[in-house]
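One structure is given below, represented as structure tokens, and several questions about it will come after.
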């Protein structure tokens, strides 16, 4: 299995404040990789750096043959990356339908887009009844579904999720994580997942990466990580 | 700067400026008086916008209110054959009070408005001014405006200096009073409250600041200062007319506050000086170019307006703290002699 | 006689209000795209109207002037956004107002230097006398032209924002530029496009209202801006339908005020109306529901 995304020695931060230090990370194709770590470990910064919202001060980010550190934020989706932002980032002023259409807009092919739209509605049935509702009228779980659905509209090779479980009921979190597993198995989607909810994340992931104070301290199969009590005590606090 | 140094600098400055009136020719003295009159208005505006975060485009109208109040009071007193200091001081007080009342009314509305909304309302206020003066022409005498009987220079000045010198004295005295009062207000507890409201109204309210009251008081005080400036202008020109307080004048006042360094009284001073000196300099420049009369007429005024606009845009983008900010940065650099030091940046 | 006068004032107010509505729409567009009230909008429209004046004077063709005003307005909007407004820090919302006012002064000064501060008469393509076959309504051919233009704009905008992909991109970039970029929308380009569209609209509005009512001079759109600002506020700055309805309502109100109380009182009436709306319903009469926060 080859790696879809690789980070070599990536350092990044906000102005003079350096957050990530020499990150080495490989995301294998058709797998779910979970990045876990405490608050302030640099998880969100890592995603922002991959998506081009922050430029790395050192190192390289490669996907396929492309050096992502030179790609503009708005072109990431054209390179096969789609992000589900933290805090259920939907555009609240637009309707469910419009949010979803927006996700597939970069491809420009409307026949294909409407096919994908139908698929997404099938995947997230609750959204179907709310097609014309504005984003701000949705519940938290519906918003998260919408954000994921919108990312899927882009037909990404790599789906990045920033804390999808944040503020959601455990049952809904479990549903969403299961869905990711299904997408991996059925469509060959590659997923990079950032989570604080370590147990749930590792239960669905194939690979686990532990981030601590901006450094990768462990990168192993997820099951192995979950079983390593020492590591859990040291870095994850349970 | 500590209070004592400020006091010394202020006193020395005041003495120097008054001394200056003895050596300047009448035209320069008139310009000096104009600077002082502008300073009254700009100082009030810079406090309102820079310290309290309320953007007013209507200070020309508030100054106009002061000018008309001055005119009514002065003409009324003159009819009663009142002369002497009363004919000077009472109209100025009336102007300050009148502008403060109008400011209170606008301020009560402003307290509920935010940024651009307030700017729009005050803009409408400026445009309504000529409409009011021409509608109630029997009171305001329309576009022509009012002629004002003013107190002449006192007898003891005869032979020593011209009318312009006396005008400069009155203007400087008013400006000094306004600046001292505003400075004390800005440095004290109320100044902190104004800043708190500017930075975050919710946080200020949680901290126990009465947001609405702070905004209304700030607007009223600022209007009173504008009224004083309007009174001085009326006293100098012996007239009050809507044309003297147009939208462009309002924008010029804002521009003076911004270019000088918004929120600082020194900045108001630099801005007021620029407001008088720059058009004058451009005027002499175009005169020296010996252009055809038609071209000269087109450049006259417009060139200064355009330059002011361009500088204002540049200042907002490149140096948001204006001239005073640049001066302070320069001073800090000199003090620290090359060692890097961060500049305290007021928002 | 009374009724006739009332009808005349009402129709006249509707026609004027329709034009002001277009101008207000341009303010709403920029507000939605960039959260800026563009205080230089009047000056941009005025400059574009001068362009129309020059082209029409040179060619004798009104329609070429109209096209020139639209293209010229869009071009000025482009320059103002890319050249100035983009670089203004949005930390303090007053900065953009001040920068826009600076732009206003620069444009007025440039036009004043090029054309002088005097008035230039402008021609309109249709008669302004009441049409005989609409007896009693006192609608002129020019009024019909104005209504047609405004209708075209309103429908065009509705289609653009409701049906097209570009419109969806523009709205996304307006509401949430960072998120939109993550979805592949070139947000900066969309915001510039919004400025160009808005500036072209305001140019159209100015071209419709300046020749008949104000006369062309560097300050002829100052009052138009204030009226349009009032309309946009009355309608709610976020609401395009609000701007249209607000425009018609304010237009008729102003027409009645100037017809029955005196022509010079319009600016005072606007001030009173603006204050009343802002104090009673600060979000505008057509403001949308608040976002769900839970």
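All chains are identified by letter, namely A, B and C, in their written order; residue positions are counted from 1 within each chain.
Methods note: a contact is a pair of C-beta atoms (placed from the backbone, for glycine too) under 8 Å apart; a residue touches a chain by one contact, two chains touch by 3 or more.
Not measured: the values here are computed from a predicted model.
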Graph class of chain-chain contacts, one of line, ring, star, complete, other: line
Remotest chain, subunit C as reference, centres from CA atoms: A
Chain pair whose interface holds the most contacting C-beta pairs: B-C
Most centrally placed chain, judged by C-alpha centres: C
Distance from subunit C to subunit B - Cα centre to Cα centre, in angstrom: 32
Separation of subunit A from subunit C, taking each centre as the mean of its C-alpha atoms, in whole Å: 43
Subunit A and subunit B, separation of their C-alpha mean positions in angstrom: 56
Set of subunit C residues in contact with two or more other chains: none
Residue ranges of subunit A touching subunit C (in the complex, touch as defined): 51, 53, 73-78, 83, 85, 89, 91-94, 98, 101-103, 105-106, 108, 136-138, 150, 154
Footprint of subunit B on subunit C - complex, ascending: 36-37, 39, 84, 87-89, 91-95, 97-99, 101-110, 112-114, 116-117, 219, 222-223, 225-226, 229-230, 233, 262, 264-268, 270-271, 274-275, 278-279, 282
Sites on subunit C touched by subunit A in the complex: 165, 168-169, 171-172, 175-176, 178-187, 291-292
Complex contact set, residues of subunit B against subunit C: 49, 53, 55, 57, 109, 112-117, 119-121, 123-125, 127-128, 130-132, 134-135, 247-248, 251, 254-255, 258, 297-299, 301-303, 305-313, 316-317, 320, 347
